[in-house]
């Protein structure tokens, strides 16, 4: 089975674009984490003043998306309709599944999964907007879940 | 006290039949795990493209069934009526209790418990259907919980 | 970055060949686990009579090889020369790094890493022989570490 | 009490310089993590082909340095002279203390602690050389431990 993994150059470009989006919108300090499909952290930046749990939240959004194969917006919807199941998933994943928007799957030009980005720092919709803006700005496809 | 444990040959036959059911119904990538009554993993298969947490979910369904002595459908019903109790069980089991259908107890011709199978990959009812189809196709009794 | 992941068909063939090697040599009950490069369990079999920790040992050998990018024989050598470092790695990996032979990297025809197999049940050299026999019998390259 | 925390701009500069040193010396794939004095991850990069545990090792070197207030080379020396104590520290830190060179404290112009960098991918001395080169190249002081 062939797979494509996001490389460091593209992962760093996603981080840069996500932070640029946050700065141009005057968001609070933002944390951005990019993972490959093995949930291996590839690139990360935490802006000055980020609170202590931000890394874990950004990681949990992205890792959760990879854990389940859907963007974290879909996990938020599932949590609303079936909270016990999602609570069980959170326990299984030892927290590496945060069911709010902002964990966005990264797909290449062919639609193949190559990684995920997690963003935390502001409102979930704003966090997700940073991720989508960054992914599409790099010529890749953003899959935030529905 | 005598106990019968599912053997490797029958565990692998259950995996094969569960996957065959999934393929004949065009389900997404499916993960199937068969445990004996000591919660020892006996046979396992994860189809190509399975997301990262699927093993843990399949395990949590089957292991949860063995942990409580009922199929995971019964745990889903209990979670609906008494969520705090089931959340406490999830914590006690360190996640190895996923209260949704798809964790099915395996009983022999005499009704004695010999193991459990957990299936994850599609909707809970479909996951459970793979498990029941596989167990009964091997001449054993499926106990999915009520 | 392109990657190849071992698929279910080849993973199951490796399990079958490892068990066949064990049976033809009259080894004790053997446990075999095949992982892809994301450390996702793909195929598994535990022979009748396997003791309770065998899954975790087989997993720890293979996962440890993937964690460090070398076969577990190399981790055994490192443990002999630098036990404190390897103890720290074991803690970091929460046990998913067992520094004895029997965790063998699987490489394809081009030498690219596609997964790992872990075997446990008999002496480490015998466990490793099952893994190497199985991998090479499938036309792949075994990298046990040196 | 005043404290200075490394900021994102300098943390990213350290990552860049550490990777540049690794590339100019043709090291294997390298992982670099920079933390502030609260052990908050600030910047991170994992080169293509890094094995699965590299993030945790780089983190454990840097985090261990911050945990004990000395560069990880000093923890390696302590492990050699008093392995039981260091093993106990590793357990206390839940693995976040890797007693080998490559976790280097970052001090500012006044000698005040502002963070730590952890590097993993090659031999410990080479990993540490990347860290020292990067810190001093940014006009800061590297404290690797003795």
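The chains carry the letters A, B, C and D, assigned in the order they are written, with residues numbered from 1 in each.
FYI, contacts are C-beta pairs under 8 Å (C-beta built on N, C-alpha and C of every residue); 3 or more make two chains touch, one makes a residue touch a chain.
Quick caveat, the model's predicted, so the values are computed rather than measured.
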item	value
Copies chain D and chain C - interface residue numbers shared by over half, same or different	different
Chain B and chain C, separation of their C-alpha mean positions in angstrom	26
Whole-Å gap separating chain A and chain C, where each centre is the average of the chain's CA atoms	32
Overlap residues in chain D, where contacts from two or more other chains coincide	48, 52
Pairwise touch network: line, ring, star, complete, or other	other
Pairwise chain contacts under the document criterion	A-B, A-C, A-D, B-C, C-D
Sites on chain A touched by chain D in the complex	5, 7-8, 12, 38, 40-48, 50, 52, 55
Touch list for chain C against partner chain D, complex	1, 38-39, 63, 66-69, 82-85, 87-89, 91-94, 97
Residues on chain D engaged by chain C in the complex (per definition of touch)	48-49, 51-53, 56-57, 60, 76, 79-80, 83, 86-87, 90-91, 94-100
Chain C-facing residues of chain A, complex	1-7, 37-39
